[in-house]
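Two complexes come next, and they have one chain in common, chain A, joined by chain B in the first and chain C in the second.
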Partner chain A sequence: MTSAAHSSSTRQLNVLQKDAITELMNIGVGHAASTLHTLIGHKIELVVPEVSLITLDDYHQLQPYEADELLSTIWMGFRGGFEGNTSLIFPTDSANTLITALTGEMDDSPELDELRAGTLAEVGNILLNGVMGSIANMLNAALSYTVPEYMECSLLNIFRKNHTGNDTIMLARTTFAINELKVEGNILLFFKVASFEQLLISIDRELAI
Partner chain B sequence: MNISDQFPLLDHIPTGILAINGDAEVVLWNRMLEHWTDRTREEMVGKGLFDAYPELEAPAFRLRIEQVLNGGPPVIFSPQLHHHLIPCPLPDGSLRSQLVTISWLASHKLALFSIQDLSEQHRLIEKYRFATTELEEELRHSQLLEREKDLLAAAIDQAGEAVIITDPTGTIEYTNRAFLNQTGWGPDELKTIAIYDTLFATPETSFTHELDILGSGEIWQGRQNIMCKDGHSFTASITIAPIFNDQQKLTHHVIIQEDISRQVAMEEKFRHTQKQEALITLVGGIAHDFNNLLAGLVGQTYLATREVRDMPKTADRMKKIQAITQEAAEIVKQLLTFARQGEMHSNEFPLASFVKEFAKLARHSVPENINIRCDFESGLFPFRGDPNQLQQALLNIIQNASEALRDSNDGEIKIGLFALNPETDAVHIRKHPVLRHGNFAHLCIHDNGRGIPEAIRERIFDPFFSTKQLGSGLGLAMVMGCIRHHQGIIDVESSTANGTTFHLFLPTIPQKHASSPAHESAEHAGVTILLVDDDDRVLEPTMELLEAMQHQVTLARNGSEACEVFASKPEAWDIVITDMVMPQMNGLEASRRMRKLRPDIPVIYATGYDQSLVIEDTRKMENTILISKPFNPEELDQLIMKMVRRKK
Partner chain C sequence: MARILVTDDSTFIRRRTCTILNRTGHEIIEATNGNHCLEIMQQDKPDLLFLDLVMPGLDGFGVLKTLQDAGNTIPVIVLTADIQDAVRDECMQLGAHTFLNKPPAEAAVLAALTDALAEGERKA
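Presenting the complex of A and B:
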């Protein structure tokens, strides 16, 4: 995975903190991958998460997606001890393949209808809950969540949804792949700067860094 | 605990809402759910969710529900993966398709279930999917049909056979390229043409009967002359099939037409060749028998002449009989030439000088008012053949030309000799593919006479066919036989406007010095002769004839007898004269056996019925000569003496 973080704010995370967040993400994604494996029966490959501080201008560095490429996205907001949102993104053909693998129903149309979108929302819900449930448990944080939402939008719009102006946010990102199905997706965790310090405190406290 | 009263609005939304507390007991059950499940709020509130719906005990449901009850993130159960969470029957017995979202309501410590009924959307989506699939299938099918149609149209348009589609009356609606190429018509010119009344019609026939056949649903096949735009016609093989619509009504005819004019020409040529071969066999057989009779007649006449030397009147009549017999022999010789059975004395000679000499001869053989012009390409054109036979054949053509120019004031005969030219002789090469192989000289004789009427053009080479009052009908038959005998080709072009041209294509050989036969004078002395023939009418007069020439003659009546006689004293014989075709053992085999005893014995084959192969075999044998019956007694005597002297 290519680094998305070249902002000067990167320096605000020391190596230990960065490793802790990476580990946090890694455990959460690992839990989610295990759930997905149970669901579809195929091996899930995971790439080590990357943690970076980014601004809106950095969205184009999130390769391999094109800026205007239509992506299938499941989005869920959270607030409480720290605030942000988490997204699962797939290229639409990967989303279609995944749904076909889960339901056995073929559909080559590029856009998902409501039923197939509902399926993807549930899959995203399982994965994101796995990530967020783990993180909340590990950090002993009481979080409240929005109801997961399915959207088809570009990477730029996903970034816009998470940025106010050109502020800096922390992005933890991991890529997973189901090679047998040629499906690839990304799990993105955006933490708003306002809650960033609180997150670090929670990490310091709970993980004793 | 019943908290429904705290949320009255929830009874007025088209969503099923239920809530459970931390012990999974139902605390809220809205009106929509009452309606969907037929379970009342009173019945459900206070009841354990897993007791009311035991199927939710399954880990896939229970674990995720408990996750929410523990304050975890919301959980979604999608209709495609689970169909429903709370079974809600529809009037038709099926269950409502549900999207269920479960969220933790921290303020009330409740898990709130929001149940959306997606049955109608599901149905519509399925219907849309089905319609889309059907449409896509229809589109694919339509594209496939379109491609097939295009392919079929291209195949028909580019097919080698002509394809025509007409309405039932024969009015043309479609023609492919092959038809336009074959007939010379343009596509727009055919739109108003009724094919059966015009293109297929001839003065002799109409197409009415065939149309009746097509009307009854049968396919018609046959040959038909097709009229082209320029007025000429050609023979085509035609298949016409009726096309019926779904109501079994005849709507069109499809006509497949193949130009078979070349095939017809080949068939005609084959038929003509068969006829010629039959004539050749017939003529050859008659000539052979007649020749034997003549041989006897010549011998007897010769002897009778000697016996009546002192009776001048009788002797004179006998000489006339001899002369008439020789004329008859000449006719038979022509017949044999036609039948390719006559004896051929082959020599190598340059065709160029031969034709030049012939042209001089031709000048003397036609009336003075006919002009003879020559056009000879440079070159020798070495040739192997019988110059006498060839000269006779050319004279026959010249005589015919002269006859055609009888009433002409500006009569002219052109004699030309050229090398075969692939461009200018293309018509002949196409007609006779053999001309593509080997080298040929093209000898042509043209007259500007009245031409040969088309009606008789095919028959001019038939023996006994003549338009002249006193013609034997053998002249051109002999020409045909001679040219074929020389492995040549003969073609005739003729029209009333341009006269007649005979094209003779003769195979030339690699250039060598042409040989000329040496003339040797005979030295007369009596020799011992073994004379073999199965026909007494030939045998006896020939023996008397030879004896009259001071020769000693011993007779044998077939090959076997000859071998026995010869073997009794092989050294006693100076020469053997034998017939070729005999019962028991033929002359060739008999002479081979005799040569085993006397390899140097000279042999004369006297025959009127030789096969080409046999002739070829005799040529390979040394000191052997083939002569035709009837033979001239003096010439035979000279030949005997020459061969005996050569042996010595």
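Presenting the complex of A and C:
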């Protein structure tokens, strides 16, 4: 993924705004990582977040995932001060390892599918709330959330869930890893067009203080 | 021995919370959403409620409002992934006794439990 605003966008983020969004994401993910560490007891490695303005055609930027690779995804919508949705995505192997570490259940029988999916959904709920709650608290915004949904879908479907036509949206993305378990995942944060402008207003207001 | 109702749509969180609470020797009952919670509140008259916020159907805010309107005196410990200050404030205004974030630390759960049960006895 490019680190600058995408050239196909009709909007641009200025340096201060981009820095502020990256730092908001960084703090939010840091909070989420701390929570995940509490849950799982292993060190969480974080990569500096990337922020970009994208269109549907840009989904392939999310390397190393293939467009049609099935990913374990927890999706949660938010609205209020700004609107959009956020996803926690894992390659399937990483998701299974994480669930086993959390529940101790090695059995992958159908009877346990609901528990395993529910466990992953709740992990997503906790982590994504950590990210969004930190951002909302820092910007004095109030957000309400949808019930998190667990699904197995491709990267392309995740992107399609976030786009109308070929609109530009803002994507903040970070990668994390639990090296001891060989688990890796991504947190994606999509802001809708009108909404990220509201986010930028909030950021500009904070920067003016 | 107190009767404690744990309401959360996540089996994972109910298991974790109940594992902590089971060690206290209290009676633990579970509900999986807000409507289920209110039914059990009517039937089993628990002494304390652990309550999630974001759930399918009636959510935790709806439960808190219903209980507040009914003049509930049973202490409610909100246990949520939501870390927003505004949400914490709203819950406290709706009569919550304590606001805890997930995942719950055992010491925090037990401290809140002890404090809330003591307040429940004072109000009874």
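Throughout what follows, the second predicted complex is superposed on the first by the 191 of 209 C-alpha atoms of A that agree within 3 Å, B and C clash if a C-alpha of one lies under 4 Å from a C-alpha of the other, contacts with A are read in each partner's own complex, and residues count from 1 in each chain.
Convention: a contact is a pair of C-beta atoms (placed from the backbone, for glycine too) under 8 Å apart; a residue touches a chain by one contact, two chains touch by 3 or more.
In this text, all values refer to a predicted model and were calculated from it rather than measured experimentally.
On the shared subunit chain A, the superposed partners chain B and chain C overlap sterically.
By the touch criterion stated above, A:F78 is placed in contact with chain B alone, chain C being left untouched. Once the two complexes are overlaid on the shared chain, A:A136 sits against chain B and chain C alike.
When the two structures are aligned on the shared chain, A:H31 is found in touch with chain C, with no touch to chain B.
In the superposition on chain A, A:D113 makes contact with chain B only, while chain C stays out of contact range. In the overlay built on the shared chain, the residue A:G41 is in contact with neither chain B nor chain C. Stretch 20-28 is the one among 20-28, 398-406, 488-496 or 542-550 where chain B clashes with chain C after the superposition on chain A. With the contact threshold set out at the top, residues 102-103, 114-115, 118-119, 121-122, 125-126, 128-129, 133, 136, 142-143, 145-148 of chain A are in contact with chain B in one structure and with chain C in the other. Residues 64, 67, 71-81, 99, 101, 103-104, 106, 118, 121-122, 125, 128-129, 132 of chain B are the ones that touch chain A when the two sit in their complex.
Interface of chain C with chain A (complex): residues 9-13, 54-56, 80-87, 102-103, 105. Taken in their complex, chain A has these residues touching chain C: 31, 35, 38-39, 102-103, 114-115, 118-119, 121-123, 125-126, 128-130, 133-134, 136-137, 142-143, 145-148. Chain A makes touch with chain B in their complex at residues 76, 78, 99, 102-103, 105, 107, 109, 113-116, 118-119, 121-122, 125-126, 128-129, 132-133, 136, 142-148.
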